[in-house]
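First chain A sits with chain B, and in the next complex the same chain sits with chain C.
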Partner chain A sequence: MSTPPKEKGKWLVITVIVAVLALIFGIWGAYTYVTEFKWGEPETWTLSRSILMLGSGFWFVVGAILWIVGTAFLIMELAGYTFMGFKITKFKIRWDSIDIAIMALTAAVYGGALAATGGLVVIPGFTWIRPANALTPVFGVLFGLPGAIGTAIGNFIADAFAGYLGWGSIGGFVGNFILAYIPYKLVSDPSLRSPRAWAECYLSIIIASVWCSAYISWWLYIWSPGVSPVPLVGLPPIMIWGWFFPFVIINNLLVSVILSPPIIYILYPVVKNWGLLWKDRITILSRK
Partner chain B sequence: MPLELGLYIDRDSFLHKLDPRSKLVMVVTTIFYPALINNPLYSGVLFALLILMCILGRLTLLRFLIIMYATAVFTIASLILWPMYIVEGKPIIRIVFPWGWVYQATDLGLMYAIHNVFRIVAPVIAMILYVSVTKPYHIVQAIDKMHLPYKLGMAIAIALRFIPVMFNEAIQIIDAQSARGQELKRGSLIKKIKNFLPIFIPLLVRMIRITIVTSMSLEARAFGSSRKRTYREEIKFTKRDYLFSTLWIGLLIVAVVLRITGLGLLPIEYA
Partner chain C sequence: MQTPIIATLIFSIVILVIGVILTLLKKPVGKAVTVMGAGLLITFLFYYAFVAAGVYGKPPEKIGYALNILGLIVLVVGAGLAIHVIKKIRLKEVTK
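The block that comes next holds the complex of A and B.
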């Protein structure tokens, strides 16, 4: 049954509002970062100031909640349970040669593209964004769980070659899983052939960007010098919430809002025709 | 960029002959050892040992320099940032820049910054060394022998095999689009990001094709037909693997002792 035109119009308006707001926030964040941010003094950046104003205690609690829920999602999915709406459902994924190949190739493309496209300079200076980050929602929406795990593996491998590898990479592994997982779960129609699906896609990108960043930041924070008795991370705690947290949100949000939905829209028929779409590859067993 | 060169280097060296699990002990040690101490004199020992491993693994100088280049941003950031936070100790550097910014560093601040450089660089060197001297096929086997899902190992091994391929594909697509007149780094910020659309679409279509071919070749080799895996070349944990693992575990124990006695710690707040 097709959506009534009134309903379509409503979702179209929501889509435009969400997309424009996300875009404005991303651009504002990137430019204020370039014009205001001074290394070693994160409070010089308006966005950092707003975040630090709430205190590291607040972010510690928020980060902890998101960390626990995010980790629970990963464990739940690996154990064969997933969310269908608000209900937990048992599902069966074959993990056959196609799923393994999807997982491996998403990891390879993500790792390879991160290295090949490198950092895109916003304004000449010490600022860059990673265009390949836009691939994570694409992998989640089109390939589902194998795509999300592939993204996590790809990020881990890319960390090793880009020089970020360390204890923080474990947080990066799950954080990147979430970055693909949230769009996978929230976008009900992967074809993006309706305004509602576009709105869901933009919303999921915003949620995933914040969640991923909070997840990794919390992980870095608890292992940072001065917080952990055995510091496994080399970043000062103030820089984690004052620089890393907002910087990762802006980085993921900006490229994903611009690139991910059109990529999903264009690639959907190809993925569907080759039989790689997650919806065609999992079996829902029961609902709890 | 190491990806241009491929990952595994087929050579006959001491490290190549070791079991992948014993080399994994080395990687894990490089993550935990610098966390237990913060004196660069001791973390420098780890760095020196890793350089020795690179020589033993017959890693090319080019690859070593590429690793150092990859970590350069973080090492420079660490050298600049940490002295701004560590105020304890004797001031030894003070530079006033023409635009008014003052950079000053104490001896302890600089020592902590150097330690952090070792902390950042060591796991990266260890990981690159690991994939350079370990066949992807052996990584799968190691994961299987550690009672982890072998399918995960398979996915990692295939990913490691295809990263250089996808990297080169991406470079070729960028070159092809540039030849058609596309300028990636021109225009406003939104335009610059949008320019990647004609790069990612063909890259992903290529990826989908490779996925299909890879899955077919896995099927042709009866992938997943039996739960018990057998291997043509079985990896074995021999005496030299025990010795090698003991060396790295011993180093970790030394770090614990240095921490407990306080010898490995600088007299600073961030201890």
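The block that comes next holds the complex of A and C.
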């Protein structure tokens, strides 16, 4: 049954509003970062100031909740349970050679693309923009769980290439899983052939960007000097919440909002024809 | 400081061991967890190769585009192999 025109119009308006707001926030964040931020003085950046104003105690609690729920999602999915709407459902994925190949494919493409574009000057002064970040929602929406796990492995590979491999990479591993997982769960129609699906896609990119960043930041925070009795991360807490947290949100958000939905739209027929779409590869067993 | 990298390496080995145990217990997810662990350990091969080559800590102008080219090779070879495997399996399924 097709969507009534009135309903379509409503979703179109929501899509445009969400996309424009996300884009404005991303551009504003990037612009103010370049023009205001001074290394070692996070309060020079307007976005950092707003975040630090709430206090590290607030972000510790928010980060802890997102960390626990995010980790639970990963374990739950591996145990064969998933969310269908607000219900927990048992599902079956074969984990056959194709699923494993999808994991390898997404890991190699994401890790390789991050490394290949590492340090690439996209716009002068914006050297930190990682265009490959736009692939995470694509892998989640089209390939589902194997795509999300592949994304996590890909980020780990990229960390080695960038020289960042360390204890923080474990947070990055699950954080990037979430970056692909949230769009996988929130976009009801992976073909993106309806305005509602586009709205869900933009919304999922915003939620995933914040969640991923909060997840990694909390992980870095609890292992940072002054917080952990055995510090395994070198970044001080003020730089974690004042620089890393907003920096990663903007970094993920900007490229994903611009590139991911069109890439999903273009790749969907190919992925569907090859029988690689997650909807065709999992079986829902029961609802709890 | 070597502690964080050793801790991360141990974490990766633990994931691989859990994956192998789950596979031996015939749990379907075992293969996925094993691949996760293997993926993490393969990353350490890159890491130690870069350490041996003295890549880390060198100024970017001395390394040039070597890491970017290597990243591109990982992308092309990895994606090529995965697509080849998928094509082969699909061909088998069709001819069955």
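What we mean here is this: the second predicted complex is superposed on the first by the 279 of 288 C-alpha atoms of A that agree within 3 Å, B and C clash if a C-alpha of one lies under 4 Å from a C-alpha of the other, contacts with A are read in each partner's own complex, and residues count from 1 in each chain.
Everything that follows uses one rule, which is that a residue touches a chain if its C-beta (ideal position, glycine included) is under 8 Å from a C-beta of that chain, and two chains touch if they have at least 3 such contacts.
None of these values were measured; they are calculated from a predicted model.
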Chain B and chain C placed together on chain A: clash or fit? clash
Check: Which holds for A:148: it touches chain B only (first), chain C only (second), both, or neither?
Finding: neither
Counting residues of chain A touched by each of chain B and chain C, the higher count belongs to B
Is A:267 touching anything from chain B or chain C once the two structures are fitted on A? First, second, both or neither. first
Practice prompt. Have a look at where A:160 lands relative to chain B and chain C in the superposition and call it first, second, both or neither.
Written response: both
Quick check for you: in the superposed arrangement, does A:205 touch first (chain B), second (chain C), both or neither?
neither
- Who does A:182 touch here: chain B (first), chain C (second), both, or neither? neither
Of the partners chain B and chain C, which touch A:254 in the superposed model: first, second, both, neither? first
First, second, both or neither for A:116, with chain B first and chain C second: both
Please indicate which partner A:101 is in contact with in the superposed arrangement: first for chain B, second for chain C, both, or neither.
both
Inquiry  = Looking at A:239 after the superposition, I want to know if it touches chain B, chain C, both of them or none. Which is it: first, second, both, neither?
reply    = first
In chain A, both chain B and chain C touch residues 95, 97-98, 100-105, 107-109, 111-113, 115-117, 120, 149, 153, 157, 160-161, 163, 165-167, 230, 232, 274, 276
Touching chain A in the complex, chain B uses residues 1-3, 31-32, 35-36, 38, 67, 70-74, 77-78, 80-82, 84-85, 116, 119-121, 123-124, 127-128, 131, 151, 154-171, 174, 185, 189-190, 192-194, 196-197, 199-201, 203-205, 207-208, 210-212, 214-216, 218-219, 223-224, 269-270
Residue set of chain C touching chain A in the complex reads 3-5, 7-8, 11, 28-33, 35-36, 39-40, 42-44, 46-47, 50, 55-57, 60, 67-79, 81-83, 85-86, 89-90
In the complex, chain A touches chain B at residues 23, 27, 30-31, 39-40, 95-98, 100-109, 111-113, 115-117, 120-122, 129, 131, 134-135, 138, 149-150, 153-154, 157, 160-167, 225-226, 230-232, 234, 236, 239, 254-255, 258-259, 262-263, 266-267, 270-271, 274, 276
Per the touch rule above, chain A residues touching chain C in the complex are 78-80, 92-95, 97-105, 107-109, 111-120, 146, 149, 152-153, 156-161, 163, 165-170, 173, 230, 232-233, 274-276
